[in-house]
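After the structure tokens below, expect a handful of questions from me.
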Amino acid sequence: MAIHEECGVFGIFGNKRTNVAHLTYYGLYSLQHRGQESCGIVVNDDGVFDVRKGQGLVGEVFTDDVLSSMPQGNAAIGHVRYSTTGAGTIANCQPLIVNHIKGKLAVAHNGNLTNALPLRDELEMNGAIFHSTSDTETICYMIIRERLKTRSIEEAVSLGVSYLEGAYSLCIMSAAKMIAVRDPLGLRPLCYGKTADGGYVVASESCGIHAVGGGMIRDIEPGEMLVFSRKDGVWDITVSSMRIAGGVRQRKSCIFEYIYFARPDSVIDGVSVHEARKQAGKLLAIETPVEADVVMGVPDSGIDAAIGYSMESRIPFETGLVKNKYVGRSFIAPGQDLRTDTVRIKLSPIRNVICGKKIVLIDDSIVRGTTIRRIVDMLKDAGAEEIHLRISSPPFRHPCYYGVDIDSEEYLIASHHDESQIAEILGVDSLAFLSTDALGRMIGTRDFCQACFNGDYPTQIPLERGKDRFEKPISFRGDKG
Amino acid sequence: MAIHEECGVFGIFGNKRTNVAHLTYYGLYSLQHRGQESCGIVVNDDGVFDVRKGQGLVGEVFTDDVLSSMPQGNAAIGHVRYSTTGAGTIANCQPLIVNHIKGKLAVAHNGNLTNALPLRDELEMNGAIFHSTSDTETICYMIIRERLKTRSIEEAVSLGVSYLEGAYSLCIMSAAKMIAVRDPLGLRPLCYGKTADGGYVVASESCGIHAVGGGMIRDIEPGEMLVFSRKDGVWDITVSSMRIAGGVRQRKSCIFEYIYFARPDSVIDGVSVHEARKQAGKLLAIETPVEADVVMGVPDSGIDAAIGYSMESRIPFETGLVKNKYVGRSFIAPGQDLRTDTVRIKLSPIRNVICGKKIVLIDDSIVRGTTIRRIVDMLKDAGAEEIHLRISSPPFRHPCYYGVDIDSEEYLIASHHDESQIAEILGVDSLAFLSTDALGRMIGTRDFCQACFNGDYPTQIPLERGKDRFEKPISFRGDKG
Amino acid sequence: MAIHEECGVFGIFGNKRTNVAHLTYYGLYSLQHRGQESCGIVVNDDGVFDVRKGQGLVGEVFTDDVLSSMPQGNAAIGHVRYSTTGAGTIANCQPLIVNHIKGKLAVAHNGNLTNALPLRDELEMNGAIFHSTSDTETICYMIIRERLKTRSIEEAVSLGVSYLEGAYSLCIMSAAKMIAVRDPLGLRPLCYGKTADGGYVVASESCGIHAVGGGMIRDIEPGEMLVFSRKDGVWDITVSSMRIAGGVRQRKSCIFEYIYFARPDSVIDGVSVHEARKQAGKLLAIETPVEADVVMGVPDSGIDAAIGYSMESRIPFETGLVKNKYVGRSFIAPGQDLRTDTVRIKLSPIRNVICGKKIVLIDDSIVRGTTIRRIVDMLKDAGAEEIHLRISSPPFRHPCYYGVDIDSEEYLIASHHDESQIAEILGVDSLAFLSTDALGRMIGTRDFCQACFNGDYPTQIPLERGKDRFEKPISFRGDKG
Amino acid sequence: MAIHEECGVFGIFGNKRTNVAHLTYYGLYSLQHRGQESCGIVVNDDGVFDVRKGQGLVGEVFTDDVLSSMPQGNAAIGHVRYSTTGAGTIANCQPLIVNHIKGKLAVAHNGNLTNALPLRDELEMNGAIFHSTSDTETICYMIIRERLKTRSIEEAVSLGVSYLEGAYSLCIMSAAKMIAVRDPLGLRPLCYGKTADGGYVVASESCGIHAVGGGMIRDIEPGEMLVFSRKDGVWDITVSSMRIAGGVRQRKSCIFEYIYFARPDSVIDGVSVHEARKQAGKLLAIETPVEADVVMGVPDSGIDAAIGYSMESRIPFETGLVKNKYVGRSFIAPGQDLRTDTVRIKLSPIRNVICGKKIVLIDDSIVRGTTIRRIVDMLKDAGAEEIHLRISSPPFRHPCYYGVDIDSEEYLIASHHDESQIAEILGVDSLAFLSTDALGRMIGTRDFCQACFNGDYPTQIPLERGKDRFEKPISFRGDKG
């Protein structure tokens, strides 16, 4: 619950002038779980770009008025973003649009670079000025720098991204083309599909394609670039697949997409997210069985694994906790003294199901442990006889540099305590995490990044870190004249 | 989904000056499912009433600014309301506050009167003027009329409500007392409890009591009136139970509270809502069994019954449909041509779970049948082999006059078609409703109103009807001078 | 500047179905100076009333969206109101609409009753309940009480208002008629006129009639009631003038309308407001001449009198102070320490005009003296050699009970100091007020109320006072059961 | 009225950490007349920049909440801007903040470049990317490009701006310094002063200095650059004056600042704006005398000249038209058929002053002539016997390229008609404009730009023009890959 994905991208390339803003709106709605802080849509109406961006949920920023003020177009890209920002940092909202010598470019980015700072330094040394503190502006510069020397935007993109290290799933739109790129490690997901009337869709997850009534074609491969283009005056779309320049390709997709981020109805790199979660529950039941009366999941993220646990263990699945669906992102419990009760407003126990029962409680992960502790208290108050906590992922111990905002290491309960200590802190009768071994069986491959569990990073990691690394240093790097 | 409860009430009577506005806010948050159109809180700060009302959800109306602008107090009542209203009809928001010869009165009402029109006519004949079109103003007048002849507010309430027919669960606050009243048929729920520090709480459902950390004492009985009072200068609270004047008492509580309205963690008249729904699922499995691979519920209202069906039938429970939790009350699909796709944005199928499977699909009720039809199509598109639809209530055939806003009879699919016709329209392989016989077994009593299923109303019903019966007639009853 | 008119009323009675909401909007815009806190419009569309009310200026409440959502109609009334109110007291916004046995009534009221409290007590003794704390609700009850016994709404109004004491200019709308009433003393202004296409308009000031392109017919007389009606099915309008029941008629119109409240382009009871102000300036020049280089007025209220003073004295008129037109009603200087500088943001001296000059400075009145003192300082800082302050009205010494919100007596500088003391406090070289004798010459009649200057009230005055007299007593009059 | 200044700039450089945001807010309030579409403030808190920008008036964007969320600081700059923009072009709001290799830079710009397009093309050829379409971003690039080669920010500014042609009054803030620059022609005004506690203030007009309680020191000279700096750890401020690199210096300040834009209490390049306007009125009376009863000005822009005309001609000055001070920028008359009446809502005639009179009517300029024509009609309707229109500037015939948004030439009434034709169109008895000869006498110098009157531009003018010259070409310059 204190872990955040930082972005979702969406793009549509139609074979006629149509309501691409509406379709992108639907796509972003389906990707909303990947970022709730800001969002934006850029419509390409025959080379003229029209953009709307704002802070808030898709439904807040794109009201009826805003949507109906956007033109039809032949292509559009969109973005949802997670990031706590002040009023002034709307500059960081995406997609980013830049004007350059050969036209305009709109870029939507999911991921995080590990070499953004040295790249930025180099660009600034050559006179570049930066409006924002996001990696996306650096990516734009890298592409535009190559654009001057190349004949096509796709060549520029291919060369430009070859300097980038880290995670990047990009959806790029020029006046005439749309380009989708996935980094050589395939850290963040990206897939594409086709709409009923022959247009193409790119999305961070397959649910984005289905949201516009499209059918998925396939995931974009690590290190692959797809170029959607059209001959002048002709509506037929050409799709070309290219390898991006340089770099070693080795799939290292993020395991946490399966565990927590992605929507259960999405299929990423061939594996159903829902099935992966159910499988994690089954593996938990095999690895750490327990005798109990009932299995229940912490809503919503623990439900799928709980169903898996129940299936494997034959212990009945039950709904023991009800989530208040009106408690939104912005809910803040008023009154200092009542702060500890926020969990009670968000979740309520169903006493009849809990009282006198031995319970297997499933959650997807533990970060600080404060919320799960409050839930355990709640179950005990409701009369639970025993509580056996099972976590459908290994313990978090390391920060992520690829676009996931995990709590600082110092707050991670698993960085400082072993399993039995955590069990005691939380007050549960037993506690078990999924083993790292089981992760491979969970999704049927070992080609994934699990650095957050074992510290084994697939790239070099930056010296400075934190999402605001460009925000503060100004006082130290200040122009002293 | 096209059925709406019209209200929820909440009240708190403390034994010291405290943040009663915050507590009422929490209470209303937990009752939000009973009404999403408007809400209000009145704080009683030593006889001075401070009120805030507005259209929207509790979290929208009661922002941090608004809440922190409200004073502390010794008592407060609150209300959530379902009703589509224009800007001008904020006069209909509750609680209603009126000034009368002996002070002020704040009234929150859940339910609907069947004799509001003749009562109002009689009052107007005696010079009464009405600001709103809600039954609540009529109730106020009936009480105040008696107040002039009686020594205490509780006597006035007891006599005043004796003229009312229909459903009313009331929470009333005077300068010095709080009074809770439930109509003699007990049509709408109402219960009370105690907070950790000795105050008393009244709420439409037990979840409201738990939301403020309180413990439930019991349901208020049909025809009972509870008076919470305090001696001057003393903080100790006296609770007196009285029978309201006149009237036959015969429990006829609304069965639909169990089937759909109430929150699963609530316990109403001694029966757990969650258990009742699970029981409905089990009874469905017994009454209309079917061979299948998987049981799934339509989120959120069909999940509990689906778990019950799975338990009884031993067919595995699965999550086959994912609800987009960001699609709120106000979601409107933009673009005329895309309107049919609203369901697709709200619900997504998990293909792996559905494809090639024989499915038992559970929902709580069918109104027009349009949404469930769209869901059935969605499951078929995802590759379902067979779909057996089971509804955990009998077919709707009659309007409700007691505070539930069911679609007009002409749109109710079950008013015009039998089971096999409906199955054909929906395109399912089989369809079954819960029998009316099973309803008694579902909650362990037959003392409930099931007029919406069988047309057997426990009171006389009004000649004119519709929630706007006071809105339009003005042009016909206009003062022609 | 610390004196506030409490209301403005407007009504239109058309001879066809037309955009009466738009016309009322224009009318209210022109009356905005009479009240800036809230406003409202009620449209009568063939007996169906549609109302929009809100807190804020006319342009804030009646946005394009709101206006275009209102229906066309055959009549409408509107209201602007001055009153500092909390969110909850939107109940006090006008026009007030009430439902009674013979229909609906919408009432807009400008003025203040001096016997509201005893009337209200009597009504409450008979079971009346009050939603608001405004006099208007009491007026409604008085009318409706008579309506039950009479054959027409005009009879009811005539009898109902005969019980009222104090100031009331009313615009009343029933399903079929519009009625304008002015109290027997004619304390507040009220006039009527005709639109280009044959409809009738009622407004607090003649500027409201011109705002809709109409021509003024005449002022409504003290104690007169005008009834605008139409035969069923016929569009021709009948206008009948009647005397309201009982009461002595003696014109006592408010002199302060001429001095400060009314718009300079209005003509009230046959006297041009602009001319009256200019005349006040001339009389000041005659009564208290002074040698000076330049005459300037405090914008905007002192400009007209300054022109008059200049004309009479032959001392050149100049613009010495510029008003920042972007500093609105809601401007609050941020930062505690900067509070004294608010005047500096609102007004700026033109140094060239001031430096080294002997200045006659004209303002319309002095209340606390804080603003004028700040202005005097500003002129001195800009190099003024001498400052001779002339006030175009006598000193304020008494509260008003007829709808003007003058500061409490304890803050009125003239209640505690004589002219020479005030001059010393303000730091001016000389100070003179207009004599009370001159007031008669200013408007050519002595039939006006000047109680605020001499304490000679034309009616009995209430024992309790203050605009919130119904707000607080609740704690003392509280229902103790 | 259809002429718009495009910007106002403000900067403060304090000698301690204080509420610079509040002071800048006051400064922008006083410069609001120079731009009402968007505004922004950047606070420099020891090298950390905090920015707030938004569309709307200063009082709308900088609410209490926003202002109080800004930190204290040692320096700040602010900007008000006139420009009609869509939601997406918030990128064009100022001040602009950019990050470069040696720190951050915030830039506020008043004026318009005539060589922005070729400069931009050159920058883009070298890989520059542009986020906005404003000249300000080009200016930033020019400065930063030099910054890489120079030792100080002031050297970089001096060299960078030497490439610019056209009008630019800049307020620039680096981490440690504040720099004010005025172009070599001095087209737009810029001055500086000192606050009571020893800080320095830069503002477009002297009223901005007075708004923060400061005293004016002097105007910044054409081609001058002022650098405000401070030694590390010391609060004493050093102010250095430098000449910007290259360029011919020849004062060509904008005459229209005196005629219309600037606030009357401002003194620009040694001349009081109010006095200049009064002088224009006197010159009009000398050049084109007429016999009349009364002189009146069109509020607010014609009042000062009317006073001058009255002084010279001895014809009494009067207020004949009242402006409705509640009709703001955003007033839109609802209802198609009523559109012609907008002027009637904004301005009202005082009939007594007009009826039967021979009137000299003064306005500052005529653009299309539609508004003045409506005013003339209004005066005639009010009974004016004769109307002699005098315009206190010569006729507009040419576009401005230096930051003034004059209507397109095709709509300028004076481009197509001579004086007598215009008089006939407007329906006045006589019409006269101020002669171009008189302009020199008006401000006592001939060193001003009057290109809008005579087409004599002090710089080369661009081939393409219009403020949106960077908006549209994208479709033609589109990246075709």
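When the chains are written out, they are named A, B, C and D in that same order, and each has its own residue count from 1.
Note that a contact is a pair of C-beta atoms (placed from the backbone, for glycine too) under 8 Å apart; a residue touches a chain by one contact, two chains touch by 3 or more.
Because the structure is predicted, anything quoted here is derived from the model rather than measured.
Peer 1: Show me the overlap between the contact partners of chain B and those of chain C.
Peer 2: Intersection of chain B and chain C contact lists gives nothing.
Peer 1: Which chain has its C-alpha centroid farthest away from the centroid of chain B?
Peer 2: Centroid comparison gives D as the farthest chain from chain B.
Peer 1: So the centre of each chain is just the mean of its C-alpha atoms; given that, what is the distance between chain A and chain B in Å?
Peer 2: 38
Peer 1: If you average the CA atoms of chain A and of chain C, how far apart do the two points sit, in angstrom?
Peer 2: For chain A versus chain C, the centre distance works out to 60 Å.
Peer 1: Would you mind listing the residues of chain A that make contact with two or more other chains?
Peer 2: If we look for residues of chain A contacting two or more partner chains, we find none.
Peer 1: Determine the shape of the graph in which chains are vertices and touching pairs are edges (line, ring, star, complete, other).
Peer 2: If you draw each chain as a dot and join those that touch, you get a single closed ring.
Peer 1: Considering only the defined contacts, which chain B positions touch chain A in the complex?
Peer 2: Interface residues on the chain B side: 19, 22, 25-26, 29-30, 32-33, 36, 57-59, 64, 67-68, 207, 210-211, 213, 263-265, 267, 272, 274-275, 300, 303-304, 307, 310-311, 316-319, 322, 324-328, 330-335, 338, 341, 344-345, 348-353.
Peer 1: For a test of understanding, state which residues of chain C touch chain B in their complex under the given definition.
Peer 2: By the definition above, chain C touches chain B via 46-54, 66, 69, 86-88, 90-91, 96-105, 121, 124-131, 133, 140-141, 144-145, 147-148, 152-154, 174-177, 229, 232, 470, 472, 474-481.
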